[in-house]
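Here come two complexes built around chain A, the first alongside chain B, the second alongside chain C.
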Partner chain A sequence: MKSPGFLLALPTALIVLLLGFVPLIVILVWSFWTWDPATYWIRPEFSLAGYEAILEAGRWSVILGSLGKAFLTATICVAIGYPAAMAVHFLASRRTALLLMALFTIPFFTSYMIRAFSWRLVLGRNGLINGWLMDVGIVDQPLDWLLFSNFAVNVGLVASYLPFVIFPLILSMQRVEPSLLAASQDLGAGFWRTFRSVLLPLTQAGIFAGFLFVFVMAAGSATEVQMLGGAAASMISVMINDVMRVVNFPLAFAISTVVMIILFGLIYIGNRLFKLTRLFEGFTW
Partner chain B sequence: MAISIAIDNVTRTFGTVKALEGVGLKIEAGEFFTLLGSSGSGKSTLLKLIGGFDRPTTGRVLFDEQDVTDMPANRRPSNTVFQDLALFPHMSVGDNVAYGLKVKGIAASERNKRVDSTLALVDLAGFAERNVNLLSGGQRQRVALARALVMEPGILLLDEPLTGLDERLRQQMRDEFGRLHQRTGSTFVLVTHNQDEALSLSDRMAIMHKGTIEQVGRPADFFANPANDFVARFVGMERILKPERLERSGGDTVAVIAGERLVLPGARDVGEMGLLAVRPDRISLVNGHAAPGSSLAATVAGRQFRGRFFDFHLELGDGQKLDAEIAVEFASAWPEPGNPVRLEFAGGALVPVPPSRTAANRDT
Partner chain C sequence: MVASFESRPLKVAIWLMTAIGLAIIYVPPLYLVAVSFNPALQPALPRLSDISLTWYVALAKERTLISALQESLLIATITALVATGLALLSALAYMDLGKWRSRWFMFVLLPMFVPGIIQGLSLSVIFGRIGLKPFWGTVAASHLLWALPFAFTVILTSMAAVRRSYLLAASDLGASWWRQLVDVTLPLIKPGLVAAFIFSFLLSLNEFGRAFYLVGRQNTLPLAMFGKMNSGASPTIYALSGSIFLASILAVAFVLLAARSNDRKLRR
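So, the complex of A and B:
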């Protein structure tokens, strides 16, 4: 273990351990403690009150709803991102590829807030889309469901997280030897057959990695729901925030723990199924 | 059924680079034909055009007289063994071999039968369930061959398939190619930079250089009548002598080198500008008396042990260098470096060749 690699990795490992892992453990432990109304804090006494509270007041449906939105967002991102990644990797010249990649990263440069707000200008009653639809005469009245709806939330989420799916996809496509696609063609397969039988199976690690990135971030997002969702719309992070405001720490920690377990479970299953780690190894088929 | 190939005046340019320039070639049905050349000679580009992975900028590709220039690879009756083999890493040996048949819609029972018999043909019977990633280099090679051969292609294209194998395995696979060519009767087109491979396998071969074909013929032709000094070098006659002049005398050619006359009995006439390609195995060293007209004076510059023979490095009176391969049992009596000898040239030791078209060719 006394290799230079180990020493180089040590600071990062410590940071991940201290700032990432330790707080998670703390949350896990505290979620089983008892809330003390006298101190507005918790005391180390075992209690499942936090977990019981999850089942109340429609909290489960918020969790499931959030995971549902995250799932839909991730699926749409993969569906849009896959052709985009193919365009960058297979079709574009080096120059165009760089330009496209730069375009894909633009969402990173603006704040979540501004990005979500800009969608209001596009989707609102007086927004670009409604204006155009009425100009063209497709509708008489502005469409209300465009903004402050699940539709708007999903649009905002997809727009925010699309780049996260494109980069792992490009990475996985770079791992596919061009001769494999040529070999498929040589053996009589047309584009779709090659796509289905060779390209898709060989990029499944990238597909799952991209899906997972988007899923995790969308499941934890708050801004898009607050800015674009309807009055009743909620998201896990918004709910945790609300619970924290009334200082019900065990409940907040219990929700966090449940979501964490779901996400880790997803990663574990995904890795077993799709060999996610291969994406980050040398080419070792 | 074996299919014939015709390349009709094909040019392929990439930007300003001419990968192929005005190439014309006819490959007979059932022939084992080799495209021999160094990297950048255009041989792989030509193979891609035959396989349908690329289109010529101008010119046509014909299979059995039919124009297939615009036919994509998946519709051509040709199959390829790729340089990196390109085995599908997510499929078993059997699935790799069955892939083309599946795409074609062949029923499972028929498919399995053909996969099994083709695997047996390449000595991989019982390997169908194996993971392709865990096979040895030679076995992977055989899977790639089986995957192409199971399609019963009219044309089998082999793109440098032996690179990356060790010498023993190369030899083995080379024999395998010959055997499979006999068995299948398909037209085989091999691309290689290895002249041994080309010479031992080909019915006919073409030497390519800078996007053009320097010579086409049976392997023996390249030694007896190399088209120019580039070809001579490429087939292993690495020393080329530049005579003061070449003359015709009766049916023979007379070369004047370093002030001495040398008669080359029956040698062809290649004009006054001709060069002489040297076959080092046809030169012997003589002490004292040597027949006039078939020998030259030289100095021993050095010698190297090469196993079955010694490689003598020699220098003529005018400074030109050549080599002679002298069998080990004769070599011990010969002079140490720095001493003079006479070189005796057997028939065919010096082959008159015209200079190749561009001076740049001589660099290679």
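So, the complex of A and C:
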């Protein structure tokens, strides 16, 4: 009997299209409409006012700043995640590897809001770190820049999105033929040489996928900035909230459109260059 | 195991980075859990003799938080049911789609990358235009998009237990597509279905940004908690955060342990 693949896909396809993509496309169209102060809504006359407003009031720098924070977060996550993935795949016994994978799986399903909030207790004036620094005598006064600062936001973002980098990296390491590493070694290469010339090139799809996941998630984040950022700190999502407070729909839609084009553009290019989906084929625990 | 990875300083360095990664993830929330047992108003680690459930008892009186919790449990249950059902269909479709597989995988995964605020805002203006008032269903709609990619990946992973030869054997014995599904595939992937349900439930329960524009009169729990956290956090919020965090950990640990014991059974 012929298997009903396309039929089975239909309900999900409809839901994802109708709830996920159609609203985004409508927003894209509406971002070119004109704001109507009489109705607090928009009317279908072409206008670029929303896009012009992005260039005002430092909004552009918030977008660039968010992308910068996302880039930094993704870089740090790869730097911590790569050795962690090596520990899981190359060093740990089967038991420890499973335990580590479990520990990196759990955070996906805990509240990122609670986790960001808990950093306040650690970084605050009376927090864990300041208390320890003063007990040991490194500082006399509590450090104020630890909390409600860019530093705190970056720490919170790394903590939130680190798990997203680990699994693509482990998957890409599982695909490295062990004999290649052994061969490199038999030919006299030390660890660093083997790492640079064999392991790193063979795992670049995993590195890129992990980096991209973290970058995209961090660029769209709001909670970490709301919980840990200073008074002036902003992020794309927080800025959209601020714009919506004065119900400036075209501007909110224009910002959303620009961000979605940047993020989906990156995912598209990444997928073309590195065949990201292939990474997940044949995933097993 | 490759011998050149066995050098001692290198091993130490790799394990150290792993420990740092885990510490960044776990130390703050676990510290919060510990603080929640301290009866003092000032957040600090309690002395062993001071440990008390004061703030947990006080939770019972937090009416707004409790009704928000009920709303979130309702939304999470509905999200998890629909996400698991759709994810099962999507995974079965994936198995049949041949060269379309990668594209289908990407398509189902994509909504995960849409920033929560943007997804919520876009849904809320559409719902507003078609005259749908915000209620638990509108929140569940946005949570579904967030949970589905995870549920899909989990069920897809569990499909590895279904060998092609099992299905061929069933088909040779005259089993229809439906019989193969009910008698062969579903029993084999049952742990995956349970995992997908629990994971989706937790993702919805803990999701904050997407609900912002879509809640009706009744807040979801994360939204209510966000308000409390930013208004001179009373320590009851530590107790609530701590319990939600621990409950989530236990639920995931249960799923992973069940998956492991099932794995062992299959291998035997």
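Going forward, the second predicted complex is superposed on the first by the 263 of 285 C-alpha atoms of A that agree within 3 Å, B and C clash if a C-alpha of one lies under 4 Å from a C-alpha of the other, contacts with A are read in each partner's own complex, and residues count from 1 in each chain.
Just so it is clear, a contact is a pair of C-beta atoms (placed from the backbone, for glycine too) under 8 Å apart; a residue touches a chain by one contact, two chains touch by 3 or more.
Since this is a predicted model, take the numbers as computed values, not measurements.
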Superposed partners chain B and chain C on chain A - clash or fit: fit
Most chain A residues touched (candidates chain B, chain C): C
Which superposed partner A:Leu64 touches (first chain B, second chain C, both, neither): neither
Which of chain B and chain C A:Gly190 touches, first, second, both or neither: both
Touching partner for A:Val247 - first (chain B), second (chain C), both, neither: neither
Partner chain in contact with A:Glu177 - chain B first, chain C second, else both or neither: first
Computed vertex angle (chain A) for partners chain B and chain C, CA, steps of 10°: 80
Touching partner for A:Leu202 - first (chain B), second (chain C), both, neither: first
Lowest C-alpha to C-alpha distance for chain C against chain B (Å): 6
Chain B and chain C footprints on chain A, overlapping residues: 182, 185, 189-190, 285
Contact footprint of chain C on chain A as seen in their complex: 1, 3-6, 8-9, 11-13, 15-16, 19-20, 22-24, 26-27, 30, 79-81, 83-84, 86-88, 90-91, 98, 100, 102-115, 117-119, 121-122, 124, 126-128, 131, 155, 158-159, 162-163, 166, 178, 181-182, 185, 189-191, 194, 213, 216-217, 219-223, 226-227, 236-237, 240-241, 244, 249, 252, 256, 259-260, 263-264, 267, 271, 275-278, 280-285
Chain B to chain A touching residues, read off their complex: 51, 53, 72-75, 78-80, 82-84, 86-90, 99-100, 103-104, 133, 147-148, 151
Residues on chain C engaged by chain A in the complex (per definition of touch): 1-5, 7, 10-11, 13-15, 17-18, 20-22, 24-29, 31-32, 35, 42-44, 86-87, 89-90, 92-93, 95-98, 100-108, 110-111, 113-119, 121-123, 125-126, 141-142, 144-145, 148, 150, 153, 156-157, 160, 171, 176-177, 199, 202-203, 205-206, 208-209, 212-213, 222, 225-226, 229-230, 241, 244-245, 248-249, 251-253, 256, 259-260, 263
Residue ranges of chain A touching chain B (in the complex, touch as defined): 177, 179-180, 182-190, 193, 197-198, 201-202, 285
